[in-house]
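Okay, got some structures for you below.
In what comes next, subunit A is part of two complexes: it sits with subunit B in the first one and with subunit C in the second one.
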Partner chain A sequence: MSATADRLFDRRPWILLGPALSAVTFLLVIPVCFIVVYSFWLRTAIGTEEVGFHLDNWQLVLTDPFYRDILVQTIRIAVVSTLLCIALGYVPAYFIAYAGARHKLLLILLLMLPFWISYIIRTMSWINILGVSGAVNSALMAVGVIDEPMRMLYNEATVVAGLVHFLLPFMVLNIYVSLDGIDRNLTAAAQSLGCNGWQAFREVTLPLSLPGLAAGSLLCFVLAAGTYITPMILGGPQNAMFANLVFETIITQLNWPLGSALSLVLLVLLGAVVMAYTHFLGLDQIAKSFR
Partner chain B sequence: MTDSTKRYERLLERYRNGDVDRRTFLKLMGIAGITAGVTGGPMGWLAREAVAGSPDQLRFDGWGGVVSEAFREYAFRPYTEATGIDVVDGTFGGADEYLARVRSGRPGEFNIAHLSGVFDYARYHSLDLTTTINEDNVPNLQYVIPRLQDPLRAITNGTLSGIPYNYGTTGIAYNRKHISDDEAREKGAQLMIDPAFENRIGGWEEWKTRIWYGALQTGQDPNDIRDMEAVWDAVREHRDLALKYWSSGAELMSLLAEEEIYVTEAWSGRVYALQEQGHDIGYIDPPGGLGWQETLFVIAGSPMEECEELLNFMLEPETAIAVAEGQNYPPALDPQKVDLGDKVPNLPAFDPGGTLEALNFFDPEYWNGHEQEWSAQFSRVQRGY
Partner chain C sequence: MTRNASWIAITGVTILVYLLMFAPVAVVMLLSFNDSQFGAFPIEGFSLRWFVALWENEAVLRAFRVSLLLGALTAVISTTLGVLAALAIVRYDFPGKRLVSTALIAPILIPEVVLAVALLLFLRWLGIPRSFVLLLAGHVIFTLPFVILVVQARLVGVRREFEEAALSLGANPIQTFFSVTLPLIMPAVLAGMLFAFTISFDDITGTLFWKPGGVETVPTQIFAMLRHSISPEINALGTVMVVITVVLPLLGLALARRLAARTRM
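Let's turn to the complex of A and B:
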């Protein structure tokens, strides 16, 4: 093959990636650059921006315990939601993966069904479920278990419940894809070598499904940590997450420079999680295919 | 004819005249085609937004729902029939969100907005977003209550950039099953920090209202607070007793109707709507209670004559009364000059004298001067600080 042909061959991935790279550049990289520049500006008392290179916003964001505490609270809620998604999502994913072909399609369709309804509507549905006159209280009072309605809404637990409700399908789908790709002969081979059903699952199926579990966890964590709708609808006065601060700083206080610095902190945190995942669990396998 | 068409014809003419060669002509056409492809495809909605500011169209943004329906029926349609100018009717969820959109937009992209209060009027003025309305072009302005115009004129040196359109109060709503009218009247603003109603209390998630009521609860004049620490303590006390801060009228109504909360400050019109639905909700304006007005605000860069004509249509008593009845807030029309019908005089906060002497309003200069500090501090207090 000639040198010219080699060069043509080398260009092909870039040509194919061109549209995607352009989209990422124009819709993500350049806007993020704007946000970086904005974060060094200052908001004046009358609400306009003072252009320049000021470190005040960054100093505030990085040294003020208020922002640190909300960030820690955000990570905690995101981690708890992700762990609950793992606990609640594995069994359904396993069930779908090992269901017969005819039922599998139906089950996947049922899994996708919530996506047809707006995320906000799904979140608000918890008010009708857990509210004072909601389904749970009405049922418990009807059967005489309680006399007075229980107060279940507007706390951290309902925020986590709302997030799990939103994120669970993402977790189940990721685990399912992983489980579905496992060669069934491997389990049979383990059992033929003396493993019982539980041992075969623990030694063969579970380790082989970990990439899906990890991918689902990454997705759930990133989505949970970046949400602001759920705590806004289902949280109490003190159950805000970091994205709520970004929203409030930019939209209510009109302090775009400080809001930019806050959003970059969240971006860096979530980017670090993705980088850690890539390093330890092999997202870079995708890049290796081009080498 | 659009600007693009004009540009194309000019280019074609230059090509035909021999001013540009064939290669350059085709290159420019190619660039134009790519540009059109980008802006006409996934970015097409941006182009539509931009068109809304052209002189043959005006863009109006409001709260949506029955208010927008009334505007469409009684103002926009007759205005379009009379002038040939279309009104592009948009909505927003909150004044802050809308201001963010206006600031990130281009001059002329947004024309008239149904904004809250004198406070926002002052904010827009500080951001150089005000205009000067030629009042001779808005004859219906003569019917508007002077007390509502005065604070706006004070901000814009005697002129108007917006016209008062309706008013209301942010008083205290309470569930009569659990709180009697006498108890509400006796406790006033203190009802909102009564430990007997822990986890049954709500509140608007807005720093100005929280601080206003904090001032009332500490016996201070909200427009001249002397002990701010005491106010923050009252805000904290309310926060610790509250079940939920609500952020929209719909959420307020749901919390009261579902009996999640028994007491909250509330918008007079929303409480009236609940009462109309049969909910046993009481409403008082406590001493020092908060009044507010909404304006039809003309944003800088708008075609003024067309906007003034539309404002006049919107101030027609028939339109203003229909909007008032739709949203349950009295119109800014002076009841001494205009017959407001049967329903409006029964709305909460309605002043039959048209003087509005009993209502207290935000002093825009005072509150704008503290906005940056207090809004940021409220964000912290709200989260437990």
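Let's turn to the complex of A and C:
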């Protein structure tokens, strides 16, 4: 009899899930619902909050061209960084997938190394490369190409460079995972049917590697669009991204209701991208890189 | 012929991209040994003085202690929660399983900034100010999905028959877990723990929101130092971080392989 009861409701998985699920519920689900409510409250001039249903924050966020411009700028920086990651990442991923077993292990290990090197160290390292007394300027001045150091830092290009440097390993890894899963007989078959090497790549290998390319792009885009540290270190004041606005509003201006509305805009934007992706492709491909 | 030529091109591009990935960090390490007082080019001679300065910098040492404690606590808590949850997901069927597994990896689907804001504002509303506890809670929730994914992937490969054998021989479920399942998934548990520690040790996005005033972790300390000016001490700190997080584990791995090779003989 107890066996039937067990089959009807097995408590054991729920006991195991209890701690993790309550952590996620109390530290993530409820807080996110809370900021939805909070974004309708109002910050008064004297610094207190007016509880209620006010649309002022949302009106400001959705109509003020200042916020719209930064949102557009954020999307542009994230898209450009992602495209550069694809351009720089595909060839190395291909090389790793088709290299001999000995090189493969070393190359994958090297690819994982950046994950172990602090993000902030990697970001600030660009100051040593592109700064006024950085490697590029010193080298060019030593050779005599330029007399005065060039100002290359603190613009959109350096923000993109920092982001690409940070995101590239994610892209290479994802493309590699899907290239590595391709049955090698398929290219051989294409070639025996008369394709040359390039055609076989274009008709067989490239389409089959698109899931990895898409997974890598999703990761890169979402991580790039949600960052505020890279623009703070490598960008100038005019290169702020949307997450910088959130940080400014919450930490500096202490306008928490407005900050809630701003972070929800970011959540909706990136959430829509993730949902569109899962709708068409599913999350399995991303999980693959954990194996 | 053309196949060889294109393969050479592919090799060249790969080498360039790898150089691009590592050159900036190599420059940081190079400059940290530079005697110049500005921490930049030209190289004026070999010196360890920035490491000495670092060692005497009380703020940096304090940040290291905070980061180590935070990382260790995060790793232990997150791995405990993660292993239990992964067991439930892999070993049991229950209604709402899909929803539960999505909810558990939600912290990496949501932008970290949003997670940081939501947690900060909710706990503040509850009357819990920015504190070490908030920092720890944030790091646990953010690292949990990584642990779950790693352990889950391994657990799928552990055959249920082993556990059933132990159970049929009279072990209770808890004994079975500790003497059969846990040893079999140990590599993944350790990997998840290391993963959680590294993510916590490296995190700055959430940490800048959650940390109480006056408390710094290593990344936020570097961030604060960068706001003043790029001093050679930062380069030295970068070198120390790379040695701790990269060189030491690699040496350990090499040593372990060597020992394993010797015992096999």
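A few points about this structure:
Assume the second predicted complex is superposed on the first by the 253 of 291 C-alpha atoms of A that agree within 3 Å, B and C clash if a C-alpha of one lies under 4 Å from a C-alpha of the other, contacts with A are read in each partner's own complex, and residues count from 1 in each chain.
Basically, a residue touches a chain if its C-beta (ideal position, glycine included) is under 8 Å from a C-beta of that chain, and two chains touch if they have at least 3 such contacts.
As the structure is a computational prediction, the values presented were derived from the model and not from experiment.
With subunit A as the common reference for superposition, the partners subunit B and subunit C occupy clashing space. Once chain A of one complex is fitted onto chain A of the other, the partner contacts of A:L168 are limited to subunit C, with no touch recorded for subunit B. Contacts of A:A276 after superposition: neither subunit B nor subunit C is touched.
When the shared chain is aligned, no partner comes close enough to touch A:L106: not subunit B, not subunit C. By the touch criterion defined above, A:I251 reaches both subunit B and subunit C.
In the superposed pair of complexes, A:I127 makes contact with subunit B and with subunit C alike. Of the two partner chains placed around the shared chain by superposition, neither subunit B nor subunit C is touched by A:A189. In the superposition on chain A, contact is made by A:G226 with subunit C only, not with subunit B. By the document's definition of touching, of the two partners only subunit C reaches A:D10; subunit B does not. Which of subunit B and subunit C touches more residues of subunit A is settled by the count: it is C. The superposed model shows subunit C running into subunit B at a single listed stretch; among 19-27, 37-45, 91-99 or 127-135 it is 127-135.
The contact surfaces that subunit B and subunit C form on subunit A in the two complexes overlap at residues 127, 131, 133, 232, 250-251. By the touch criterion given at the top, residues 43, 45-48, 66, 70, 127, 131-133, 151, 153-154, 232, 236-238, 240, 245, 248-255 of subunit A touch subunit B in their complex. Contact residues on subunit B toward subunit A in their complex (touch as defined above): 94, 96-97, 99-100, 103, 123, 126-127, 199, 203, 205, 207, 239, 242-245, 247, 254, 258-260, 369, 371-372, 375-376, 379-380, 382-385. Subunit A meets subunit C in the complex at residues 10, 12-14, 16-21, 23-24, 27-32, 34-35, 38, 88-89, 91-92, 94-96, 107, 110, 113-122, 124-129, 131, 133-135, 137-138, 142, 165, 168-169, 172, 197-198, 222, 225-229, 232-233, 243, 246-247, 250-251, 256, 259-260, 263-264, 266-267, 270-271, 274, 287, 290-291.
Interface of subunit C with subunit A (complex): residues 2-3, 6, 10-11, 13-14, 17-18, 20-25, 27-28, 31, 38, 40-42, 80-82, 84-85, 87-89, 91-92, 94, 100, 103-104, 106-107, 109-115, 117-125, 137-138, 140-141, 144, 148-150, 153, 173, 198, 201-202, 204-205, 208-209, 218-219, 222-223, 226, 230, 234-235, 237-238, 241-242, 245-246, 249.
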